[in-house]
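In what follows, structures are represented as structure tokens.
Shared between the two complexes below is chain A, which has chain B as its partner in the first and chain C in the second.
Take a look at the complex of A and B:
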């Protein structure tokens, strides 16, 4: 297991470096001048030139990339030239908001999706199973921004039950929870369907295995069989899906962050790309890439722990 | 259909109990009694407004965005400030009196007793001198240095009085410098203590509000300044939410989370017809100007007849109907109605004349029409405008190819320092912001701006001469004639087809009385409860 973990972490580091180099290249290939955006229309060419120098944009591209990677290795993401604040401070502040949103979304999706999947598997081919199937496919098919817009129109604008914009007052847990409901609902709804379908399929497979039949023959309670023996194995593909799903969740969070005017890392990246704020784009991309790679590494490691065969495949 | 092979009811968390628990939790979170939803927190002393951007720098010397000025204007003082209302006028703010003694000397006297918070003492003429002279100090690298380009010095006469000395006359000072971004007065002691400039948060304030809290990308909270001795602030707190998307802001308003916001032009008619309960919808003329520009140095457009053909092929009423929902009016130049230099008419009428456009093209050697590229920003309104231009121009034999750009790419299209893209630039649908003096808009079209912001590469000696003269001209009528002539020269070159100044529709709750500039921009310090 230790050898597997070492290999997996090594691979994660390579993925991060490749992703950072690729993204660094991409943003520099796109036309656009950060100095024009930062300094505004009244900036003189001399002022722009000076800012380029300050941002290191006057150096050869390869030097910029190597210097950036060196800084990242030392834990320094640089300075934001718009606000004159450390990039790490800005990114981690926004990351908190996104992580809370993503965790809330996936938590409620799991709380509903896993029982629904189990229910469908246990009562397979019944009317209820078909109903759950239609519901699951239905919610997978609806894009999260559509759910965001309609839930906002219904619950916030028409019924006025929940707030429409912002993330709530800092330090006020209930206010923040209230602001979280609609965005988390919008992002998580599709995942309820995914998880339910996945758990159902895995459960059906597991429930037909010999050890389950033997457990049943021994007269173990069905609750124990389903949740203790069957679900433990059936949940493996879901764990993998959640690991790789973090990236998709962050992408979905962008829409929710825009529709609900919430702060977050997705919106930060979007705004920074538009304004060609290179230090902030790269800082946010590095952090979200690390987050993504970390989550897949953790989910793979959990899989490897639960199923020794996985360790041999790397 | 197979029968279930087990009794699922044995599982303790049944479907019903699960649903009951979920519903109870959701219901509890939605309970109005908890009083956490802003729309229920109808405290009339908290004003919630939306702005289109999040302030990055709140040091008035280095702030250059309008949304930063909205905050700065509420927490600092200027000698004079814009007067809320429908006319562009200024009123005294920190100054007890101010007077132009001659074209280059302005005397002022401060009101005594205006204090800076956090123990930084009373505002004096030294602070005025420091605040204005630091903007022209090359060390600060202020983006608003141009506003004080002609400042020679501020001479302090006594504790409260001084003289602003200009190196040469500069008429825009009264409408775009003193009452705007360049006019904010900061505490010399505080800035020096901060090392020459404020970082993210200023260390002291002198206006009716102070900045209580900054949550980047989320909100800025202003609170009543306890040391303020002027007319009381209208609210205990002002919460400013940075929301880029106008549609999101509209929904925030309708959900009761906002008290004031600008709304999109496409929503104006519906909102005006059926306004949300307890709200007021109004429309203001904007200072922005939108035009179709043509690169005069591009081989396809170097012939004036081709450019004039494009001018005649663009139908302004169709653009206004399709892209601006009939809410905006046609523009006659870069100066909007109500300001010195506004032209009543254009040389080319707003309606297209396809026959004339075709004839001009044929005369220029393109009897079968011409292919041109039009660069457009990827925002719905400009894309719609671009598509209308494309469709109209096709009727005159001008086949336009639309190229969409995000703003980062768009704003470097004609910039010579960014490579050779400017050489390929043909047509561009452009939009600039402005200020309530024609000088502000006029400056971008001088010879010196070619390849910087003058992407049409319009070079006209008479224009440059008039521009310099108008800066110093004190006679309002003469200035008016000069700026009209300058816009006429631009249009006559064939490189410009002025489209619109757009419009600023706003919505606010009837529990507040907003204080707006004539262009609908908020002057937060003057907002009160209704």
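Take a look at the complex of A and C:
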């Protein structure tokens, strides 16, 4: 297992390095000079040269890439020349907001998806199972930003039940929670379907195992069997799904943050793209990529711990 | 072509699949015959009638420039279907070639291509798209590049695994012993064995691809105005959501219908051909 972990972490580091080099190279081939974009049309050649020096763009490309990788390894993502603040500080402040939104979304999705999946497995091939199946696939199919727009229209604009935009007053928990409901609903709805389907499939396998049959033979109530014995095993694939699904969750958060005008890493990247703020775009994409690679590495490692066959496949 | 016949034959007993097929056909027919279905020029401005509600003349109302929303929605289906066909075909093509090279080629090529696949898959799609937009600027081409770059590694990895599994089979070893070259082995023997399941996976990716295109156009970094795209229509509607909700409502419906159609059809096909995923497991 230790050998697997070393290999898996090594692979994750290599992927992050290649991804950062790829991103840096992309920004390097920008048509137009990043310094000119930052300084605007009135910049003199001397000012551009000074900024080039400050950004390290006057050095050979390979040196720039290696220097950037070294800085990333130390948690230094460079300087935002518009606000004169470190990129890492801005990105991590926004990352908190995104993580709260993602966590709220996945929590309610699990709270609904797991019981739905269990119900579907226990009552398999009944009308209600088929109904849950159609509902699950239906909510997976509908794009999260359409759900965000429709929920904004109906619950905030028409019914005025919930606030339309913002993240709520800082320090006021209830207000912040009210602002979290609609974006979390929009992101989580599709995940209810994913989780319900996955829990149903794994629950059906687990329910046929010997220890569950034995529990039935002892006359334990069905709810105890399902929630105390079967669910503990059936939930494992869902943990893996969450690990690999973090990228999709972050992508959905971009839309939710823009539709509901919430602060977050998605909105930060979008605003930075609009203002062509290269250091911020780089920093935010690097952080979200590292987050994604980290979560898949953790979920793969958990999987390998539970299933030795996974270790052999790497 | 036998597997296409088989799909239709097996689909008879799948009500969800038939429903999906009907929706898909509806969208495809709408895209093909769009110029005959529109009631107005989708780009014609009519400032006097801007933001008008649904009426006999404008079935889905008008947008902020007085353009007929129904005609824009109908023409928008062309962009959605076109982007889906182009990107999925390109991704399939690149994924097939690179995946077979990784699965059949030398170890160093396999390792290099696997690293490429895993690296491209490590970017959250929309973040990667926004980063690419910073470089190339917003356009339909950028959308296509983003979708292809994030989709082909999935096919590539799948093809690699299947190629490796097939490469050890006796009929391939026998063919190699008779002097068959790499091109013959891959093109004549391996390709026909992996292309069928791959098409099913690709059909399930169509709603994802359409969603990415619409999402990027909604963010204003995809299809450029005045080209009608479902995402761009939603973007127009978002700006006027408080007073003119019909743009958002009518702009979202075709997107929901399309993604539902392709997903229901794809899920049914996967259920039919993968016994492990059958509903009655």
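The rule is simple: the second predicted complex is superposed on the first by the 287 of 314 C-alpha atoms of A that agree within 3 Å, B and C clash if a C-alpha of one lies under 4 Å from a C-alpha of the other, contacts with A are read in each partner's own complex, and residues count from 1 in each chain.
Everything that follows uses one rule, which is that contacts are C-beta pairs under 8 Å (C-beta built on N, C-alpha and C of every residue); 3 or more make two chains touch, one makes a residue touch a chain.
Please read all numbers here as calculations on a predicted model, not as lab measurements.
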Fit or clash between chain C and chain B when superposed on chain A: clash
Touched partner set for A:16, first chain B, second chain C, both or neither: second
Touching partner for A:60 - first (chain B), second (chain C), both, neither: neither
Touched partner set for A:150, first chain B, second chain C, both or neither: second
Touching partner for A:276 - first (chain B), second (chain C), both, neither: both
Which of chain B and chain C A:266 touches, first, second, both or neither: second
Which of chain B and chain C A:289 touches, first, second, both or neither: second
Partner chain in contact with A:219 - chain B first, chain C second, else both or neither: neither
First (chain B), second (chain C), both or neither touched by A:160: first
First, second, both or neither for A:75, with chain B first and chain C second: neither
Shared contact residues on chain A - chain B and chain C: 30-31, 124-125, 152-153, 157, 258-259, 273, 276
Parts of chain B lying in touch with chain A, wherever the complex brings them together: 1-2, 4-8, 10-13, 15, 18, 22, 26, 29-30, 34, 36-39, 56-57, 64-65, 141, 143-146, 199-200, 215-219, 241-245, 248-249, 251-252, 254-258, 406-409, 411-412, 415, 417-419, 421, 432, 444, 452-453
Touch list for chain A against partner chain B, complex: 30-34, 36-37, 39-43, 45, 47-50, 82-85, 90, 93-94, 112, 115, 119, 122-126, 152-153, 156-157, 160-168, 170, 172, 174-175, 177-178, 181, 207, 221-223, 225-227, 258-263, 267-268, 271, 273-276
Residues on chain A engaged by chain C in the complex (per definition of touch): 11, 14-16, 18-19, 22-23, 26-27, 29-31, 124-125, 133-134, 137-138, 140-143, 145-146, 149-150, 152-153, 157-158, 201, 204-205, 247-248, 250-251, 254-255, 258-259, 266, 269-270, 272-273, 276, 278, 281-282, 284-285, 288-289, 292-293, 296
Parts of chain C lying in touch with chain A, wherever the complex brings them together: 16, 115-116, 118-119, 122-128, 130-135, 137, 207, 211, 214-215, 218-219, 221, 234, 237-238, 241-242, 245, 248-249, 252, 255-256, 259-260, 262-264, 267, 277, 279-281
